[in-house]
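Two complexes are shown next, each including chain A; its partner changes from chain B in the first to chain C in the second.
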Partner chain A sequence: MRFKKNIATSDTGFIFNPGSGDSFSSNNIGSEILSFFKEDKSQQEIIELICAKYDVEKNLLEKDLDDFFSQLRDYNLLEE
Partner chain B sequence: MEKLRYERPIIKKLNVGFVNKFGTQAKNEVVTNIEGVGVKELIKEYGSPLFVISEKQIRRNYQHASRVFKTRYPKVQFAWSYKTNYLNAVCNVFHQEGSWAEVVSGFEYEKALANGVPGSKIIFNGPDKTDDQLINASRNNSLIHIDHFDELYTLIKLSEEFHLKPRVAIRVNMDTGIYPKWDRFGFNYENGQVWTAASRILNSENLNLVGLHCHIGTFMMESSAYAIAASKMCQLSWDISEKFGIHIQYLDLGGGFPSTNTLKGSYLPGTDTVPTIDQFADAITDVILGFGFRQEELPLLILETGRALIDDAGFLLGTVLANKRLSDGRSSTIMDFGVNSLFTSFWYDHKVTPAQEGGQYTEETVLFGPLCMNIDVIRENVLLPLLKKGDQLVVHKVGAYNMTQWMQFITLRPNIVLLDQSSHPHLIRKAETLDYLESVEIVPNHLSKNQ
Partner chain C sequence: MVTSHNIKNKRTLVIAVTGLNAIDSPGPGVAVIRCLRECADFDVRIIGLSYEALEPGIYMHELVDKTYQIPYPSAGYESLLQRLSQIHHTEKIDLVIPNFDAELFSFIKLRNELEKLGIHSFLPELEQFEARHKTILSKFGKKHQIMVPEDRIINHVTDLTKAVAELDYPLVVKGKFYDATIVHTLEAAQKAFYQLQAKWGLPVIAQKFINGTEINIAALGDGKGNTISVIPMRKLYITDKGKAWAGITIEDPSFIELAKKFVKITKWRGGCELEIMQTAEGVSYIMEVNPRFPAWIYLTAAAGQNQPATLVKMALGEHVEPFLTYEVGKMFIRYSWDLITDVTEFQKISGGGEL
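Our next item is the complex of A and B:
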């Protein structure tokens, strides 16, 4: 599971898919996760980085991350 | 280093289309307290979910409505509609403000008496009054509003048998130009049925016709319908006086004024579309005052306003149980209260606000209740901040009908707290328990666990 290479992201959470022309926005944590994802960090590494910075339990983050990835998949932003 | 506040990650597709000409909400409203009492403190003390009623708001509503009518018409009397909310504490706030009681069943009648309302200030409506209840109401000098001929003939018979002199009014149904037309209660105006009823009452030796009553519908969005109703009631009163030489003492225009809740399917919120009490008062009083009654013969105007006086004084506090993604990608949140407690979610798109500060991001969410039933939907679509398990929400304008029409189904009914005029909380109805529920059950011996 990888983020599609041609997807453009900005630090402010704006996401553009030139393939489909679709635009998206994400919140701060979402765009941080996307940037880690683009750096090819594993899900485990992302969890550790977010848990170190934000006040969140690992279990909750894991659940939310699964949901976030399922949204990325639904929006056709992932390469399987 | 202190960690930053967490908010679950989301991504939203941006849709380009027509701009909503009414604009969108810039910031999600957060309601952390009710009349100065913290939502979280209330839940901590009384549990979740929790109904909260503001006494201050009830009194504000009553005093406003009373002022609006009394500054336009000299003789006005409100009668609290028990079915709207018959918690004794709530009823007694209205009675302290000067309301009579308007009841539609035997047990509501008993409640009103027990609340100290004199029998002569109880209006007994509805199609279901037993012989015993009719005898009791007659003896208490209550105002009996006759709904159908069977009731009328029963009352005539009882009055002869028990030497009663009941004070009665005729419930009238009529065409006021609104749909649906409520013609299942009372006697019809247009086809002359009401004249047959009036003649029968006035030809009886015992029944004392003192008033006329109508109730043209519920959640009425057209004040002009009340002007038509008032006009027909005045005409009927006038004609009865002319024909039978009696004075009709009061016209009861019933209830039906809406609250500012938003009906399902409405394009604009209720706060923008619902007529004000002033508009209803203008519509009714202009007609009565202009009809031609002599000043000393002006009828007393009775109003059975319920919903408009209580809805915005009620709140339901609840807690997020879980977040869940639906198969089509929509976000959903499961709350700890469902349609069993919040019956009015079948009718309204209730205003729902978070009880804690959240981030600036919002998400369209389906709000579900905790019941194992597909119909348990509080809101089909509501824009909320990113909630997490344990967060709390406030549902607004729930004071009318929920605490009477709620269902004991799957979960038990929660505590109800009244915040008095100093915002001091009082528990006015305890949460139900299994013991309470089973106290009315009887298990036959052969099915007993000890068998």
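Our next item is the complex of A and C:
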């Protein structure tokens, strides 16, 4: 799972799909997750990195991360 | 990339432009003029051609050097020729760019006459112009395997009952030249029919409603089947009149190919706009083809393909190569502006027919 190759993202969490003209903004934690994702970190690696940095329950984070990637998929931004 | 081998010394071209009605449903004239003024290969003296005294472009003196009123298309093309000859006598016009659907027929008919006077143009043939007309677009689509929503031609209000039964609601009721209303009842369809008939005449078109994302494509053809420029734009903000108030250039090869297919089939000469509806399943329907530049044409210049300036070069016999790239993610956001003028200016154009 990764971003489609033409998807543009910025450090501030802004995502632009040049194929559709759609754009999205994510919050601070979303931006951080996106930056790990762009570095080709796996979902498991991202969970470990976030858990190491923030006081968050792993189960809750896994669920939130699933939701987050599900949104990216729904917005047609990912290729499997 | 455009090459301009013949324009070595920058010269001033006198270009007449219509469509100065930069209103809530704007004509393309002002945007076309902005494109022309930005071209580095020539200077321009812009002659505005107006129909009504309150067209805002008339008073934009930084864009339009001089404006003359011209007769409405309903007055016939001989009246138009007479007026253009008169204006040409004073202004020595090199080129005319008409921007209204309703006037194009007259300008196409007069093309040879205008050429004899020394006024160039770059317009589609009458046959090309008619082939994409709203009333036969569906037939055109079937013939060339291009998706066009099913429609019915309505010449009498009673025809609507059958159209509704066959196409179902919601239904789009469209005027011959402009305007469209989405209706959900027969009463609303009848009301829209009478309004559109009064404004634009018959026939009125009833078109099957297609739900999706609105994409517009500005294209420029050389008249030999080659597409010189294509810019697809996604509408980001749509007014209650269905006009794009903001838009963004997008990258989707399927739209480029669709525009190229249209230009190739029709051997389109000049600018045109394809109005596309893309469904959630990714099917692209051509809703309409406008036979002139759209009001958002300045975005083509901003994205690196100045279509009006390129049309000028082709009209003057320059060789141009097709553009190969454009900037994706270039946006336009339209805005309103209260232009202040004086009644003396208004009096000159409304009383004397020129300003």
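In this section, the second predicted complex is superposed on the first by the 80 of 80 C-alpha atoms of A that agree within 3 Å, B and C clash if a C-alpha of one lies under 4 Å from a C-alpha of the other, contacts with A are read in each partner's own complex, and residues count from 1 in each chain.
One rule holds for everything that comes next: a residue touches a chain if its C-beta (ideal position, glycine included) is under 8 Å from a C-beta of that chain, and two chains touch if they have at least 3 such contacts.
All values derive from a computational prediction rather than experimental measurement.
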Open item on the list: Going by the contact rule set out at the top, does A:Y54 touch chain B (first), chain C (second), both, or neither?
Closed with: first
- [ ] Please indicate which partner A:N6 is in contact with in the superposed arrangement: first for chain B, second for chain C, both, or neither.
- [x] second
- [ ] Could you say whether A:F24 touches chain B, chain C, both of them, or neither, answering first, second, both or neither?
- [x] first
TODO: For A:I15, decide between first (touching chain B), second (touching chain C), both and neither.
DONE: first
Open item on the list: With both complexes superposed on chain A, which partner does A:L65 reach: first (chain B), second (chain C), both or neither?
Closed with: first
Open item on the list: Contacts for A:F36 in the overlay, against chain B (first) and chain C (second): which applies, first, second, both or neither?
Closed with: neither
Open item on the list: Quick check for you: in the superposed arrangement, does A:D74 touch first (chain B), second (chain C), both or neither?
Closed with: first
Open item on the list: Which stretch or stretches of chain C touch chain A in the complex?
Closed with: 213, 234, 236, 247-252, 328-329
Task: Residues of chain A defined as touching chain B within the complex - done: 15, 22-30, 33, 53-56, 60-61, 64-65, 67-68, 70-72, 74-75
Open item on the list: Residue numbers of chain A touching chain C in their complex, please.
Closed with: 6, 8, 16, 18-21
TODO: Would you pull the chain B residues touching chain A in the complex into a rising list?
DONE: 3-14, 323, 325, 329, 359, 361, 386, 388-389
